[in-house]
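Shared between the two complexes below is subunit A, which pairs with subunit B and subunit C, respectively.
The block that comes next holds the complex of A and B.
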């Protein structure tokens, strides 16, 4: 098929899709007239039931907690899948980073990049940690916090070198952290069953003041665990991709 | 009644699909898939918007004021995480395809079977 033919077929298909989408959109309530019922119902009860003032986190880690376990495991599975797909193939060799580095000249300059990376590493780690531990009160949560936390590790690579990145995030530790994050989340849910409560029930003390960092029981705990798991997952994704460009070479055994 | 934000989502979807069909590079196609998925964020957030509603965070807001729907916002978050996972996995497939066949053009890749 030539690109021209492909485009013609695509445009015909798009015309059909557009008709359906516009038909569907005109059947929706207008913008700003969301009719509910779930959102308003949760908004009414969430703060009283959980002592969380961040209602999105309350939805994610409490009302839809069981979905979020699935989400966490999607990420986990993707990282496992990636590790399998990027395994050492036949006809490839992978040597320790130190040997690969010996043959390569240090790239010149880049002081600005180094300085910027160094300046941002601390704040990135701090903000990531803060986001992961404040899901119950602020627009934040484990997923966002984990990604920002992983950025701190990437900045180390950007400002330093792959060896430093690997020394800071050994595969054993990121593996363990990812397992603690995903497994811990599922375990919080199962613990509730063991105590005779529904799965993912909020069985920890909710605290006295809504919006306090120590409030909201399992919401805060799950968010923290998710933060650890997500940070480890993204560090691992970055590590896998960097390994491909830095260490895996053709030829040899 | 206004439907404009929904049409924006539809337009982003169309742009992404056009890119998917016309691009001849796996990495570009992965990026187009991200664009397609971005349309769902706009759609979700637009659906849950309530005129005059505040963000569903009540740390410094007393009482229970009118707020936008937190459920679709939570769904958008799930959406972002899944997209990141899918992108990482697709990128690793692209790396292996390039290593094996020396090309990222899906048209050429179709010629190598197995």
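The block that comes next holds the complex of A and C.
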């Protein structure tokens, strides 16, 4: 097949795809005009039922909590898979980090990078914690909070070095934190069953004031657990990749 | 009206950003372009009144994904 023929086939296929996409887009309801019954119904009852003003979190962690448990375990499984794939293989050798560091020149990042990383570490940790603990009050949540929290650890790596990063986040602790996050989420749901309630039922006190940090019962608890689990997951992903980059070499004993 | 104008501007920027990601050569540059594109998408979602999606896009599209790509590139480059 000549490049010319290929181009003709490509253009015909693209024209067909474009026609379908445009047809589909013109058939969409207008922006903000959701036609289903579910959205308005949730908006009407959610705050009264859960005392949460972060309705997205109420949906994620309660009405569709079972869906989110699945997502949490997708991340968990992904991290486990990554750890298995990236662990030190036979025929590779891992050098102690301190030995590797001695041979290497100073990292290229200058004082500016270090200062910026240092300046952002505190705010990142604070914002991450705040996001993970305020899902019930505003549009934040454990997932976003967890990732922001993880960036605080990565900023330590950027401003300092791998050794400090690892000292701050030893594998034992990130392992445990991730297990507590994912397992805790599932356990909150199972506890409801043990108490004779439906799975993921909100059995904790909802608080008196809608939108207070102490309100919304299990929604707040689950968001916090998700935050811990996600932060640990991302620190672990980055840690594994960093370790591969810096310490594991081919060949040798 | 103001919001709509902003949405149109951001939409154009996002389209440009996506094109840039495809056009840019060099892996590291491409990752930086991807990160900028992620920030553009986050702003777009914000103008569409979806602050929670904005946060997710910001942390995943602009930070986590580029970071993982950069680390992988570093690993492949340092192979010896």
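Here, the second predicted complex is superposed on the first by the 236 of 253 C-alpha atoms of A that agree within 3 Å, B and C clash if a C-alpha of one lies under 4 Å from a C-alpha of the other, contacts with A are read in each partner's own complex, and residues count from 1 in each chain.
Methods note: a contact is a pair of C-beta atoms (placed from the backbone, for glycine too) under 8 Å apart; a residue touches a chain by one contact, two chains touch by 3 or more.
Since the structure is predicted, the reported quantities are computational estimates derived from the model, not experimental observations.
Student: After superposition on the shared chain, which partner residues are touched by A:151: those of subunit B (first), subunit C (second), both, or neither?
Tutor: second
Student: Who touches more of subunit A, subunit B or subunit C?
Tutor: B
Student: Please indicate which partner A:141 is in contact with in the superposed arrangement: first for subunit B, second for subunit C, both, or neither.
Tutor: both
Student: Look at A:244 in the shared chain and tell me whether it touches subunit B only, subunit C only, both, or neither; answer first, second, both or neither.
Tutor: In the superposition, A:244 contacts both subunit B and subunit C.
Student: Report for A:202: first if it touches subunit B alone, second if subunit C alone, otherwise both or neither.
Tutor: Neither subunit B nor subunit C is touched by A:202.
Student: With both complexes overlaid on chain A, does A:56 touch subunit B (first), subunit C (second), both or neither?
Tutor: A:56 sits against subunit B and subunit C alike.
Student: A:133 contacts which: subunit B (first), subunit C (second), both, neither?
Tutor: Touch status of A:133: no partner.
Student: Per the contact definition in the header, classify A:10: touching subunit B only (first), subunit C only (second), both, or neither.
Tutor: Only subunit B; A:10 stays clear of subunit C.
Student: Return the residues of subunit A at which the contacts from subunit B and from subunit C coincide.
Tutor: Subunit A residues touching both partners: 31, 56, 139, 141, 143-144, 147, 234, 237, 241, 244.
Student: Show me the residue ranges of subunit A that touch subunit C in the complex, using the header's touch definition.
Tutor: Going by the criterion above, the answer is residues 31, 56, 131, 139-141, 143-144, 147-148, 150-151, 154, 234, 237-238, 241-242, 244-245, 249-250.
Student: For the complex, give me every residue of subunit B touching subunit A.
Tutor: Answer in residue numbers: 1-7, 10, 13-14, 17-18, 21-22, 24, 46-52, 55-59, 64, 67-74, 77-78, 80-82, 84-86, 88-89, 91-93, 95-96, 99-100.
Student: For a test of understanding, state which residues of subunit A touch subunit B in their complex under the given definition.
Tutor: 3, 6-7, 10, 14, 17-18, 21-22, 25-26, 28-34, 36, 38-40, 42-44, 46-47, 53-56, 58-60, 64, 67-68, 71, 74-75, 77-79, 81-82, 85-86, 89, 92, 137-139, 141, 143-144, 147, 210-211, 230, 234, 237, 240-241, 244
Student: Within the complex, which stretch of subunit C touches subunit A?
Tutor: Residues in contact with subunit A: 48, 51-52, 55-56, 58-60, 63-64, 67-68, 71-72, 74-75, 78-80.
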